[in-house]
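A, B, C, D, E and F label the chains in the order they appear, each numbered from 1.
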């Protein structure tokens, strides 16, 4: 079965991104396909490479990145939500005249159409948020 | 893509206090291009999104309520308002924006987009969906 | 002048107003702002308890947040006073402390 | 298999559980996770309505979220089944759609 | 600074679902160094923060509940639990961690930090504060 | 009178930072002192210079920066909360081996002690959050 995952909240602040990560791992372990993980609202903050969580706690961004690498997951950050909140890749930074970018490995920035697309293509859309 | 799915957006948050109402509307407007069978439900504090006469000058935040009037142009014409949510808040349909769409097959006749539904009717509608979006 | 309590949550979505009313001493100030302004309206499921509170406390509502949400002053419960941000500052200064029920 | 409803909010803080119960068709699945797991407990102000719901729906609670909060399985209302993340995935696959009451 | 103020931290959120409980505790621990008259109130879902036996292995999140036991060492020894909040949740003081402090003036005798208070008592305590922190 | 301001939520996501900004402006207009604005929890996200909000909406970070400049406001971002969420200044970035920083003009990163300090020094602490 194909799952689409929507993450609406930032890491650490809300358990939503932890739950999404655990669900995604469990779905993959059962042999399901995770077609795309889409990060919306404050969920875009999962995709920053500048986070430095305490050493004795989990690093959610790194967990998403390594899960993506292992399973060729498509991690998509919403461009409009990301701009508002200051999450940029190199192209976006250049386009808006910003002197730095902060997106983490394995994440890509794209439009809301990617959310609608996965909602249509997947068998189930799982929403994790506040 | 040639699949047509039934997508429902469930709006349960008040506007301005949080961004969910605005960013939900942004999804609806983008999603309209995909030509799916789309509907919107306004439940709980979500009914406040459609209240007429919003004026955000004093809080310095953009007033996005006029954008709901464009939904008809985007072919989003099934808008359900739960009666129980209105009642709890002392509101009636007259307090809300009146959203319509133009039927190009009937010489652009203006038709009703807003549908007042009971909890039972909304429960049935939810059960008919392929995908339910909540933000 | 006792405590100014602020409530920024919808009374229909969260328990912040109930907790504020449970723990505010008689004669407190209570200010509704942000989504909390829905608590100041007539004819809702929360009106009765707020009207009662307006008899025991001084209740205020932030006008700019009301207007943003399309609410008019004639929809406000009797005994609730509308203030602007300057009035909010005055209330905070006049009371001995401010307690935000987030 | 109808709809799987998920509730991740405390029934004491927010209205998500009430709305879920108001709009879930009889025979739905309802899964409590995150702070929603407090809704699955015996002896609380929410227990009566949840026990009633467990008679009309299949109610589940996410074990890892229960354990995190120090709750034991013997504190769970009768008729509520504990699942892990793998069980959550199975529930999502078995139902026709998933409706998250955020 | 030589001013001594009465600071109360009001905790109304459950742990883990959101970060407020953890980051509130971080403020309390840092704030202890300022030698003020500090107290903590646990109200509404905040009482869940102190529930015994928390085991977060399954959710992959750090279990911070052991840190509450250190509050006594930081001279934070006025901890108030609202009875109405416990009652609503079917909890009693036995379900919570037992927090104590050692009185160095009495040969390090272990003393009670936890105080069960009624809503009226908590309302009075709130009224005695200079600053009320809520997160 | 001296006010301390605590902002617990990120910009745009929650009205809290707007309310805090409006309150701060009104307090300054009345001749009060705003001793410090402290950003905690997701409030640290108010301090990113990488945000690109839509042109027809307010730019909250820029409004804080210019208010700070005009009134010599002390805008302090909590270091622990900021590390967790990926908000860094140049020193912090260097210390943690990160290749970029993202703090905005007029904000500085410091410890939670700065919050306690302003709570003690100010006549009133105003808390804006979710």
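Here is the rule we go by: a contact is a pair of C-beta atoms (placed from the backbone, for glycine too) under 8 Å apart; a residue touches a chain by one contact, two chains touch by 3 or more.
Note that the structure is predicted; figures quoted are calculated from it, not measured.
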| item | value |
| --- | --- |
| Touch-network distance, subunit D to subunit F, counted in steps | 2 |
| If a chain touches subunit E and subunit F alike, it appears here | A, C |
| Two chains sharing the most C-beta contacts | A-F |
| Rounded Å distance between subunit A and subunit D, as computed from the means of their C-alpha atoms | 26 |
| Whole-Å separation of chain centres (CA-atom averages), subunit D against subunit E | 29 |
| Rounded Å distance between subunit A and subunit C, as computed from the means of their C-alpha atoms | 38 |
| Residues of subunit C whose C-beta touches two or more other chains | 8, 12-13, 15, 34-35, 64-65, 84, 97-98, 100, 102 |
| Residues within subunit F bordering two or more other chains | 8, 12-13, 15, 19, 22, 41, 54, 80, 125, 127, 129-130 |
| Residues of subunit B engaged with two or more neighbouring chains | 16-19, 44, 59, 61, 131-132, 134-135 |
| Pairs of chains found to touch, sorted by chain label | A-B, A-D, A-E, A-F, B-C, B-D, B-F, C-D, C-E, C-F, D-E, E-F |
| Contact footprint of subunit D on subunit A as seen in their complex | 1, 3, 8, 15-16, 19, 22-23, 25-27, 29-30, 32, 123-130 |
| Subunit A contact footprint on subunit F (complex, rising order) | 10-13, 41-42, 45, 48-54, 61, 80, 83-88, 92-93, 96, 98, 100-102 |
| Complex contact set, residues of subunit E against subunit F | 1, 3, 5, 7, 19-20, 23, 26-27, 30-31, 33-34, 36, 131-135 |
| Residues of subunit F defined as touching subunit B within the complex | 12-15, 18-19, 21-22, 54, 56-58, 130 |
| Subunit B contact footprint on subunit A (complex, rising order) | 6, 8, 40-41, 80-81, 111-113, 115-117, 119-121, 125, 127, 129 |
